[in-house]
Structures are given as structure tokens and as C-alpha cells.
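First, the structure itself, so that you have it in front of you.
Order of writing sets the chain letters: A, B, C and D. Residues in each chain are counted from 1.
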């Protein structure tokens, strides 16, 4: 769990927006080091800046002050090097593409040959358990299946960093737990570093190596809680007293924020 | 809260709708009346009290009174149904009006004349009759209803929105054959004003030269003089020439699209001259000379209208006053130009054009041909020529019966004069 | 097909609404720029290609036309006459707008209440717009006249014919636009169907209704001109267009000016509906 | 929703027949009812032919002059088609430019909206003066103007329709702007474009007929309608109007079929 060579190094990051009623400080002086292959959850109440932090890492928005280094590069360079796979709360699949072609989309943009694309997408769809649905259109799938396609699409080009913004937020509890298990299995087979934004305490505890608790107005880090539950984690993990203890700690921290 | 606010605003929507409705009514109800009465303020002054009541206070109108308001254009829908068709007039009222001698007060007879085209010099006689009080003197309240590019006066009259209409005889015959019982009561234009003109360089000196050319004509009733001239010269209008529908302006002709174009002497011909051309630049085919001229503007009404003796009287008075209007324009062309311009709601017309128009129109009426016993007289031979040509060239399938025109009204009009 | 007639009413994409004040400024600027560009292009094209007035009169002479006097120099100014004609057209259009608007709303309410009627009639509501109304305008005027309608009403009915369609479609969408859970909510209050209509469906439909009314406003002007032009009338823009076209060779600026007035009339009516929308639906209303 | 669609395809023939009957039955019944009432009403009340000919008479003329009417219909359709092609492609092209350079949009879109207020019928004589009132040119230009603005507005909206996340996704792949345009904006705009094409299809037929009102050869549908109505041949005029409606509907349906072929994923685009 030790952070030696951080993949992502965030220093004194500040982000302000010009709002209707003057400036809104979304993030104030946030510093965080994330190690290679680490699974980090960002948790906090609405408006604590957790999504903003993720978007800053992913080069989807620019910081007002402070710095981010991703593998020693700026986020923009990292993005150009295709280091990021992003999954949003909504699956954001392209209606006009079949499941297979949705998964192939990033490879297409990166100019991979057709055969390679087909191979990789088949592999990814197998990983998320959707091999039978290659030729289906997104609208023909359920919400959970669509989100699995989105995950397959995010992983298909083997990005080193996976940014997930409440990806299971819209799913029902059982599907959500199953997806969490699947996500851990997939993650185990890749070497990706995951930054996972969530509202759910059990979800954060179950998935993460460390849970970053954030507080609002202005957004800052309240606490970083290491999760020392053994891996691989499964249904039994959720019933472990230590799991409850960690969840309680996160809850306490959140309440104080 | 937002929803509440929207809901609270609903009365405003309703109010807005009401205001819109009110605005919609105001100009519309006043417009026909305003133009119809324009310039003849004395109309109102000479109106009998009873009539004023009937026309203004719709709510208190007794059923028997509806006939007094025959002017469909100024009426609200509910009233007009009973009012438009003069043939259905209440017997009680018939006696009153029939007894009314010309200019002897009493309720004025409201009638409408459907013109063939927009207000212009072509109809100067009717506008003059109205403006100069000739209709008033005959105890008539006449509305002149302007036409448009696609209005067919025959249909308006048959539909009951006007008692009298103005159109070319072949068109009347064609409509009559389609089962529309119309009858010509006066033939105002004794000569054809229609020409087929072309620039000299097209070398079109006679109808035979139209072969292979692009020839413009007004379709929908005014094409038959040309068709007859073509047929007379053994030219198949569907194969040997390219007939093109030309619309209310000479731009296609001046722009070089058409080899030849139809032009009325009083209107389109002037327009090409006004565009800066000289008469000597054109070849003109005159259907009068080609022997395919047909009778143009004539006054007609429905057979059913004339079934009532009282209506015959109205028609006779209408003709008498209209003829007086034409005579006035023959003698006072300059004044008639002013009258026409005053009635041009569009404000587009210029005095010189209308002067030309009235002068040319006068040539179509005067001097009266030898067969005519007076202005508006239908010469039987002229009728026969038009009917023959119309039949020969497919405007109508069989010869018109003798009810297509009547001289009776014309005789009534001239007898009392 | 229905959707996009409605879409025609919007012009500001949802995403850019956030930056409204900035956008509006740049928009005003862009519009002014474009007007200037058009004027410059117009006049320079005339100069460069030696376009005669018959093809393209000077902008100045078109505008000056409004200040000339009619009836051989002794009558009212042409601009005044044009106002008179515009008022006649507007009167018909307003009547048609109200008639068509009411009919459209009624149809939409009936269709919402009865799926059977919707399936039976809606295809013909859509199909009605396939009929070339200009071609049958004379028949409409004569037919309506036969039934006793005065001339202006026949023209208003033609305007209503073009107006009711977007209103029906827009209102239908609007009445169905209530958020999915709001209906069960109303049911939970044991609301009567008329309460549901007045408190939920109708307020929810207002934005859609106004979008449709904006289209209907311009359609009603077009409709009344279509009624006037082929059939003739005592007054109206359609009459001016026919007359001006007839005398185009001697005075081309008349026709251009008439088209200008017709367009302004449509724009003003459109603007009036936008204004009403702001007042009734509130400032969040889209343009 | 997805499940429902899957089921529709698996329905038994009988059930599909019932679904079809429910979908179109009321409309067909209305048509029959209207035709019967029209015919009976005209005969019962002795409505004059020049007011409203009975449907049987219109039908008879339609059969009698079918090939002729279709011939003149095709002449008019040719104008509509060319105007449609020019207007729609220009509209789509300007929409693309407007998305690329927003100042074009800011300057042009208010005019596009305002253009709805311009009565094209008032403009027609001017177009005739420029492009020839009796030739096909002016008709094509009028149809092009009529179809240009709806296509422009709809395509523009369609190109701007992708959700911000969809654009961010492209951004995260470091896609070039051409790539995001071709792979995201263009396909996302297709439903909007097809909606515009559907409106334009019917508008183009109407537009061609309206412009023929201002002059044209006898073999044009619009000229035929007005000329026949002018000499009291109402059944002929109505038969031609039926042909015009039929052409508009056929053109519309062609676009609907094209839409289904081009956008197999879009199964909800019916109206």
C-alpha cells in the first residue's frame, strides 16, 4: 500500500468557477498521491468537488492553481498518450453503433486495423460477459448491460488509468453489487489505476485500496482511509465485521466533514 | 411554485386570445364596407331609417328584414346565409321594394358586382357610376368586388356572393355547360382587346408563325381566342407550339422567356411600352382581324335571380346606372382616372397607366358597332360568332341554348331611360 | 415530421443557453453585421454586374417608395396605404390564428382523451398539409361564401388551415410532456381528470404550445396572403403583391417593398407571440 | 422499451395482424366514412359540382386521365426533387459550417428563424423575375429556399445534440476534431436531418405547385389545377389535387424508408 512512485501526483490543486453570484471555489488546495495499480475512491457529499477532481485528472477541465502530474506528464499529454479510460454515470453509448462497434470506437480513433479491433473488442465483451450481444444496438440492452459495454469500451485500449464517475449510480442494489464484483475481477486482470467517484460508503469500502473522504465548500480532502481488507474480495467480504468497522469509520469522517 | 405561476397566468392567456379575436374582427368587418362606401358619403345620408337599422343592428333584425342586407361581404356569417340568395327573399319585403321607384327613397337594394380583376381602369364605368351617384339615383347600393388572378366571377355569382359578375363570354359558356345556370344580360365590350404580341426579331407576323414557339397565355378562361386562332391555322396547340401559362405581369415576356405573350391593349400592352419599348418594336396579332375574336367583358347573373320580377327591375336599374357610368368615362376620362386611383387600395397604380387604360377601354366599347342598339347591347351575330368559335375549338362541346343571354333586361334598362 | 416543425421554433441550442448574456450581445452584433453585409453585397452586386432596377432596385429607392404620394400625387403616402393593407392582412391572420389555435388545442385535448380518435384522425391532420392550399384557395373562398361567410372570414379560414396543424402537434406533445411520475402523484391525491388537466397537463404543455404558436403566427400571415393573392380582395398585402407584380416593369421597387412589409408583418407577429410567452410562461422561456 | 421492441418482431402473424389493424384501422375507417358522407351529402343536398364534386366523379376523372395526370405530376415532381436536393444539401452544408464557425450561426440563425415569417408566396414573383417565371428554374429556386431553412435549423440542432459526456469521451481518446465530427456529431445529427428531409419532402411538392401558380407550361400540375378550376372543370382539378397529395405522401414515404435503411438503430422515429 506504500506510495513510492506515484502515478498521479496532485499538488495544491485549486479550481474556481465563475458563477452567477461571483466565484465558486470547487476545490481548494487539494494534494494527493496515487500509486500505480491502486484503486482509489473519492467519496463525499454533493458539491465536495469529487467529480471536479476526477475531471481535472482526466484533462476534461483545467485547474485554476496547483498542478497535476500523471506519470510525470501533464494531464493533457497523458490524455494524448491515451492513458485514460473514462466511464460516466450514464453509459454514453452511441445509439447508431452496435455493441461491438461501440467497444471498438476508441481503437478506431487510434487507427488500429480492423482485425485487431475485432479481436480486442471480442476479448473485452467476453470479459464483461456480453459476447452474445455483439451485434445488438445499445437501446436493446438493459441499463446494467449498457454500463458493462461502457466499461468494456473504457478498457479496450488498455489505458493505464481508469476514471469512473459514479458508474453504478443508476443501477439497482443487486446489479450494483454484482457489477462491483465484476469490476474487481476485471481490474485484477489489468494493471490499471482506478479513480472511482461514488456516493456509496459500502461501495467505496468494498472496492478500494484507499477511500478519499472529501468535504464541501470549498472542496478539500477530509481524510484518507486505507482499506486493508484482503483481496480477492467477494460476497463474504461484505459480511466481514472489519468491513463494517471500515464503513463506520468512513461514515464518521463524512459526518464530520 | 413555478407551476402555480403558470397557472395564475392562464387568465392572461384567455385575455390575450380575446384581444386577438377583437383585433381580428375590427379591421375585417370594417374593410369591405369602408372600401365599398369610400367616397360616396351620400349613400349613408340618403339611406332610409329602416335600412340603417337593418344594416347596423344585427341582433334586432327580424327574419323578414334579412333580404334588405344582400351584401354578403359586409355581413356576419349567421346572417348572410339567408341574405345572399336574393331568390329566397321574404315575400313581405318584395312588395315594399318592388314598389320603390328609382330615387324615391325606401330601402336601397344592395347588390354586388364581381369584377374580373383588381380595381383598375378596366372597370372605370362601374366605379364612376358608384362615385357619381348613378347607382344611388337608381336606389341601388352597389358593392364592387375586386377579383384576382384565380377568381372566377361565374363561380362567385353562382355561389351567391355577388348578384352580378363580369367575365368573358366563352368562359361563361364553358361554366354554363358545366351546369352553372348563368345568363348574360349585357355585353359591354363590343371588341376584343386581347392581342398576342412579340418582338419583331421573332418574326411572328401571323398565327402560323407561332409554330414551334413558346407562347404565353392566361389559362383558366382567357386562352380560347388564341387556341381558336391556332386551330384555325391548323396548328395543334398541344404539339406544334409550347403553350405556357403566363401570370399577371409581362416580366417573362420582357425577360425573353416567351417568344410571344398575351396582352390586353389597355393593360399589358401599356406595361411593355412603359418599360421603355416602342410600338414599332412589336408584331401584334389582333384576334379581331384573325376572325377568332370573342366577346369579352359582359355582365351576367344567374337564371334564378331573374326569375323574380323585382330582381329584373334591380338588374335593369343596375345596367342603366352602369351604362351611365361608362358614358361618363367616355366624356370625362380624366375624372375617371382620379376615381380609379382613389379606389386602388394598393396605391401602386399611376395616373398615366390608368389614363391609357381608360382610353383603350373606351375603344372597346365605342363607337358602338352598327348592330348594337346602344351600349351593352348583345348583338346576336356577335354572340353567335363567339359561340361558334367556342364550340369549334373545344371550349364547349355543344351549341349553347338560347338562355345563355337575354336582351330583356337591356331593353328594360333602355325603355325607362 | 411533427417534431421538427416544432423544432423550427427554437433557435438557441440548449447548451448555449447558459451563456445567454454574452451570446445575446454577440448575436446582436452578428445580426447587424449580416444586415450590413447584405446591404453592401446588394449594392455592390448591382454596381459590379450592372444589374438593372428591373432585377434589383436600389435599397434606397425601395425605402423611399414608402414616402411617395399615391393617387397621382394628391393621395395619402404609400406607406400609410401599406399600413392599411397590412392591417387588413393582419386582421385576417389574427382571426385565423385564433380559430386555428383553438381548433388545434381542442383536437389535441380530444386526441389525448381518446386514442381511438387520435388513430382515426391524426393521419389526416398530418395529411392535410399535403394539400396545395394555394390551388384550392379560390374554391375555399367560393365554398365558404356559399355557406354565408364574408370574404375576410374565408381568408381567415385559409390562415386557420395552416395554423391549426402546428398547434395540434405541439399541444399534443405538450399535453403528454408532464413528468412521468407526476400522473401517479395526481392519482394519489385522487385528483379528478379535469383537475389533472388544469393543474398538470395544461401548465406542462404551455412551453410546447408557445413554440407551436410561434410557427402558427407566421403561418397565419402566409395563409391570409394565400387567401388574398389568387382570389383578390378589397385590401391586403396579397392584393398589393398582385398589383405591384403587374406594374413591376415601371416601378419594381413597389414589389420589393411589399415583400419587405409582408416579412416585417410576419416577424412582428412572431415577436408578439415571443413577448406573450415571456409574460406567461416566464423568463426561462426559450426564444 | 427494448423488450417491447424485441417482442413485436416475435409476434404471431395473427397478433401482428391485430396490431396492424389497431394501428391503421381507425384511420382507414375514417377515410371510408368521410368518402361515404361526402358522396351522400353531395347527392342528398344537391351540392353544385363547382363547389364540391362527389368523390366518385373525382375518382372517375382520376381513372380516366390517370396517366396524363401522373405525367404532369412527374414534371412538377422533377422541379420539387431538384429544389429539394439543392435546398437540403445547402442547408446541411451551411449547418456544418455553422457548427465549425459559430459566428456564421449567430449571424445566420436569426435570419433562418425569421425566414419562416417571409411569405414565400410574396417572394415568388421576384424569383420569377430572376430565374424565369415560366421555366423550371424559378420553381427549383423556390423549393430550394423553402427546404433550405428547415434543413439548416434541424441539422444544426442535430450536430449540437450530442451530450457533453459524449464529447468528453472523444476528448479523452484524444480524437481529432474531424474524428469527433464524423464519428459523433454527424451520426447524432442523422435523426434530425431525416426529420428535416421529411418536412422538406412534403414542402417541396407544395412549393413547386405554388410556384407554378406564377406561370409555367400546361404540362405542370399547378398550372393544370388552376386552369381546370378556371373553366369550371372541378372534378379534373380535384383529381389533380389528389395526385399532388399522393406525390407528397409518396415522397415522404420514400424518405421514411430511406431513414429506416440508413438508421437501422432508430426504431422510434415514426410519427
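A few points about this structure:
Here, contacts are C-beta pairs under 8 Å (C-beta built on N, C-alpha and C of every residue); 3 or more make two chains touch, one makes a residue touch a chain.
These numbers come from a predicted model, not from an experiment.
The most distant chain from subunit A, with centres taken as the mean of CA atoms, is B. Central chain by Cα centroid: C, whose mean Cα position is closest to the mean of all protein Cα atoms. Our note on geometry: subunit B versus subunit C, Cα centroid distance of 32 Å, whole angstroms.
Subunit C and subunit D have Cα centroids separated by 19 Å.
Centre-to-centre separation of subunit B and subunit D, using mean CA positions: 38 Å. Per-chain Cα centroids separate subunit A from subunit B by 82 Å. Residue positions 50-51, 125, 129, 213, 226, 229, 234 of subunit D each touch two or more of the other chains. Within subunit A, not a single residue touches two or more of the remaining chains. Subunit B has residues 149-150, 152, 155, 159, 247, 249, 251 in contact with two or more other chains. Chain contacts in this assembly follow no simple pattern; the graph is neither a line, a ring, a star nor complete. Contact between chains, using the touch rule, shows up for A-D, B-C, B-D, C-D. Across the complex, subunit D meets subunit B through its residues 48-51, 125, 128-129, 132-135, 212-218, 220, 223, 226-234. By the touch criterion given at the top, residues 1-2, 5-6, 163, 165-166, 168-175, 179, 183-184, 187-188, 190, 263-267 of subunit D touch subunit A in their complex.
For subunit D in complex with subunit C, the touching residues are 22-27, 29-31, 50-52, 103, 106-114, 116-123, 125-126, 129-130, 149-150, 153-154, 156-157, 160, 164, 192, 195-196, 198-199, 202, 205-206, 209-210, 213, 222, 225-226, 229, 234, 237, 241, 244-245, 248-249, 252, 271. Taken together, the subunit C residues at the contact with subunit B in this complex read 54, 70-72, 75-76, 78, 81-82, 84-85, 87-88, 90-92, 94-98, 101-102, 137-138, 141-143, 145-153, 156, 198-199, 202-204, 206, 228-235, 238-240, 242-251, 254, 276, 279-282. By the touch rule above, subunit C contacts subunit D in their complex via residues 1-5, 7-11, 13, 15, 23, 26-27, 30-31, 33-34, 54-55, 116-117, 119-124, 126-127, 129-136, 138-139, 142-143, 146, 215, 217-218, 221-222, 225-226, 229-230, 237-238, 241, 244-245, 248, 255-256, 258-259, 262-263, 265-267, 269-270.
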